[in-house]
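These are the structures, in structure tokens.
In the two assemblies presented below, chain A is common to both, partnered first by chain B and then by chain C.
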Partner chain A sequence: MTQKITIGPFSPELEESVYFKLEADEERTITHVEIINGFIHRGMESLVTKKNFMQNLILTERVCSLCSNNHPFTYALAVEKIAGIKVPMRAEALRVIADEVKRVASDLFNLSMLTHLAHNHELMRDTMNTREHMQDLKEIIWGNRMDMSANLLSGTKYDLDERKIKLILETLDIVEPKLRDLQERYETDEQLRKKTVGVGVLPKEDALEIGVTGPVARGSGINNDVRVKAPYSLYAYRPKLRPKVTLREEGDVHARAMARFGDILEAVRIIRDVVADMPEGDTYVEKRPHIPAGEAVVRTEAPRGELIYYLKTDGSQKPVRMRWKVPTFTNWEALKVMILGDKVDNVTMILNSIDPCISCTER
Partner chain B sequence: MKIEEFNNAIKTKIAGGYLFREDKDNYGNLSAWITLQDKKDIETIAKTVKAYKGRCVVATGYKNEDKEGHTVIYHFDIDGTLINVELFTENETIVSITPILPSANWAERELREMYAVEPIGHPNKDRLFLDYSIAKGVLNEYISLSKMQLGVSDTDILWNNVKKECKV
Partner chain C sequence: MSKVVPKVFRINTGSCNGCDVEFVAAAFVDKFHIATSDVEFVDDVKDANLLVITGPLTARSESFLKNALTKLKKPFTVVGVGTCSVSCGIFRDSYAINGPLDKFVDVDVNVAGCPPRPESIAEGIAKGIKVLEQKLSGEVTPKTIDTIFSDFSAPASFRGRMDLNPDMCTGCRTCETVCPSTAIKIEENEEGFIHNIWHNSCCYCGNCAYFCPTGAIFSTNSFDTVKLQNEKFSDVNVANIPFEECSCCGEKYMPPSRGLLGKSYVHDDVNKLNTNICSKCRKEANFKRMYA
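Coming up: the complex of A and B.
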């Protein structure tokens, strides 16, 4: 007999609002998936056309909290492309540091949610405690645990002195051994493996067809990391900085988690490399640059994958059109492949494994 | 893949003609901008992108100020190279490329509900984000900032309520 099961739109096991309508057979194997979105749509793409370029720097940072730095960063790249602004090298370095610190904190949050859903509370506690060091670092250097306000339209708002660089390196010295220990435990923990290996499989062919990006793609053996394929900022000038991405062929929940661990450890390596060789000079060109008429498409690698911004301007102080696509926008469709044929009990775990950002996706 | 190679691949197949230009970002990454004269040629572009194992990243739509109709820009990726393809529709319809490139699925559904541009042949007719109570093409309309941010209506209902409170 077919069972009809609903999850959401509001549930303690869901990070954000989404509504699953599932059908399952007697063995609780899912035979039909319907996902309903739109619970937190805010019309932000319309709102940005009512605000000036400076105001939009603030607004884009509020699209989402976990990858908040990537939005103003990518938006600034689009504005700078249209205005023909070449950002000082020191600002490029500072942007990369902010971005990679954010990546570590974001990915660790997702991994701790995974262990929470797997009821492995000891591992969850240790993951969150490790993340807390990065949160403290953000609070001390950028003044906030989530929104860093690191970017300006022609550089960065913040700078690092000797004392702050020392603090970053000391924090990484504490965090890195913990991360390596966690990576080992995530790889070998029997309880976690039992709940994640072979669960929510996304075969490589499906991943290519759907066009997934980020750790979801890397978990299915696809490397489309923007930092490698179309390098920007300091990644463009220093090839050695580009991440050595972790590719896994299994395509399951566990593979995606381990791909994320690869991203985290590479982020730590990148931060160390950048602070070891900080370029000298200014951190911005001018605080209020003139934005002429033009059009630009730019992209960056956010913690969840490719983030792309389209910007069209007409010489006035507001955008004519601004559009952005976040990783979850395409990764979402892959859920149907992952969930179909799997067990009902695994649904929230599979959802978590794409690290969904619904406030980003719905905008 | 080099951009020139993609241009050569579509040269003889695009029936309606097109404008082509290369662009470079601040970091030296090349991208292509293609403006189609006939919107139906987007199918040929999609087939070529598929042949190169590319994907549709997203599509941007907007209502034109100077002439009646909508501009739609598809953004494709082929192994790290961006191919931006622009087309114009005067009658709010385009040919859906989702049957060729499933990665265009959500992008075309969003075009439908935000700008009422119908992708003909799209396999999914359901709404993506907005409730059915909200008319299609909501981004075609002018909505004031106060209404957008605060939910304040264009009517004077709120003001009347304030006046009523003051009298009390």
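Coming up: the complex of A and C.
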């Protein structure tokens, strides 16, 4: 006998609103999945064309607060490509630092949600507390815990002095041992392994076919990290900076979590490398540059995977068209493969394992 | 009277997930007090008596929110978290937004911020609990509730409530142009310019402060944004930038601010430069000096 189960749209287990209609058999194994979305649609693509380039620096940040540095970063890259602006090296370095700090915080949040859903509260608390160090760092240097407002067209808004660099290094010194300890615990914790190993499997063939990106792809043994495959910004100038990504073959929830840990530790390494060798010079070219008519496509690696921006301008103060392809858009399709044939109780955990950014996807 | 156990349920009506993440931080990190106080997080909306609602209320969520509200038992309290739940903030004027929240729900406490600090969210929930207690005992909710958690502080660099130094402002409207959430409005009357900052629309991005040519508008590190609903429309920063009367023709004009003059005349004492003369008369005087 099949039973019909609905999850959402408002549920404490779901970070963002999404609505699942499931059908399951007697053993609560899922036989049919229907995902209904659109709850977070705020009409972003229309809004960006109503606002000028300076306002869009902030609006793109509000597409999603977890990858809120990547959006304005990619947007700025697109604008600079159209305007032909060469960004000073110091600004490139500052952008990468902001980006990697954000990556650590974003991935840690996802991992703490995973342990929350796996009912491992001790591990969750420790992950959240480790993340708090990064949050405090963001608040002191950039002025906000989530939306850093670091980017400017043609550079960055902020600069780092000796004192701030020291603070970053001190924070990393506290966080890194904690991260290694957490990684060990995530790898070996019996209770967590029981809940996550073999759950929500995405085989490599399916992963390739669907075209998943980011840690989801890395959890299935595919490396398509944009920072490695098509380096941009400082990654393009300094090959040593490019991350040595962690690949896992299992393709389950646990593998994706461990791939994220690899990302986090590499991000810490990247921040240290950049800070150790900061280029001198200006942090921006012009506060309010002129943007001529043109078109550009840019892609970067967000904490969740490949982020693509398409931008079209006509020489006026506002963009004519701006379009996103966000990582969750492709990863979302993989959900159907992952959820089908798994248990109903695992659905929210599998959803969390692709680190869904629904606000990015539905905009 | 028996003690009230607040049962919290969070509803996301289309937020960018910043507030939701900060809510989780507020709920599970000890230093923000909620984790250690008697707050219960319920799994079903029908058990809740304290709703935390984030997001600007998208068109798609509206019917689901209404449906959820019918399941609640009265009395309950609603805490709107995030600027967009208070006023739609940066998403205002979008075709997909039906908010703000108070069109459909009786909101009791508003927590502005983009996203608010977990400290503010904790404060908002604590104030929500107070309102709930009053509702249960049939008392009238007072106009203001004092700050409950007094031990929170913010680093000096925190981008909090904006403020304006009218001495430095010339009303050039740069801040109005770059503000993404239209929280700044500059009006003009016979006396001068009136500079308004709506704290409940502000998304605390610091764009205005960054682009301001004279540093007249700046962010303070105050995160005191938890307000009761009756304070919603009065939470505005108003500054007057008066015109000056020209000493030659007597016409009223907007003098350049000290900050602007300081940028143009780097080597001079700015206070001595301004001789109360409008640009028209200054041109005439200069013309006479050079050619007459």
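The criterion applied here is as follows: the second predicted complex is superposed on the first by the 363 of 363 C-alpha atoms of A that agree within 3 Å, B and C clash if a C-alpha of one lies under 4 Å from a C-alpha of the other, contacts with A are read in each partner's own complex, and residues count from 1 in each chain.
Please note the rule applied: contacts are C-beta pairs under 8 Å (C-beta built on N, C-alpha and C of every residue); 3 or more make two chains touch, one makes a residue touch a chain.
The shown structure was predicted, so the numbers you read here are calculated from the model rather than taken from an experiment.
With both structures placed on the common chain, the touch criterion links A:331 to neither chain B nor chain C. When the two structures are aligned on the shared chain, A:310 is found in touch with chain B, with no touch to chain C.
In the overlay built on the shared chain, the residue A:130 is in contact with neither chain B nor chain C.
The larger set of touched chain A residues comes from C, when the choice is between chain B and chain C.
By the touch criterion defined above, A:156 lies against neither chain B nor chain C after alignment on the C-alpha atoms of chain A.
Of the two partner chains placed around the shared chain by superposition, neither chain B nor chain C is touched by A:110.
Legend: residue contacts after superposition of the two complexes on their common chain; A:62 is shown touching chain C, with no touch to chain B. When the shared chain is aligned, chain B and chain C each come close enough to touch A:50. In the overlay built on the shared chain, the residue A:120 is in contact with neither chain B nor chain C. By the touch criterion stated above, A:348 is placed in contact with neither chain B nor chain C.
When both complexes are aligned on chain A by C-alpha atoms, chain A residues 38, 41, 43, 46-47, 50 touch chain B in the first and chain C in the second.
By the touch criterion given at the top, residues 9-22, 24-25, 28-29, 31, 41-43, 45, 55-56, 58-61, 64, 68, 90-91, 93-97, 114-115, 117-118, 154-155, 157-159, 177-181, 203-207, 210-211, 219 of chain C touch chain A in their complex.
Across the interface of their complex, chain B is touched by residues 37-38, 41, 43, 45-47, 50, 77, 80-81, 85-87, 208-211, 224, 226, 228-233, 236-237, 296-299, 306, 308, 310, 312, 320-321, 323, 325, 329-330, 332-333, 362 of chain A.
Those residues of chain A lying in contact with chain C across their complex are 9-12, 14-17, 38-44, 46-47, 50-52, 54-59, 61-66, 68, 109, 112-113, 116, 124-125, 128-129, 131-132, 135, 139-147, 149, 152, 157, 287-288, 357-359.
Chain B contributes residues 25-29, 31, 53, 55-58, 60, 62, 65, 73, 75, 77, 79-82, 84, 101-103, 105-107, 114, 127-131, 138-139, 143, 145, 148-149 to its touches with chain A in the complex.
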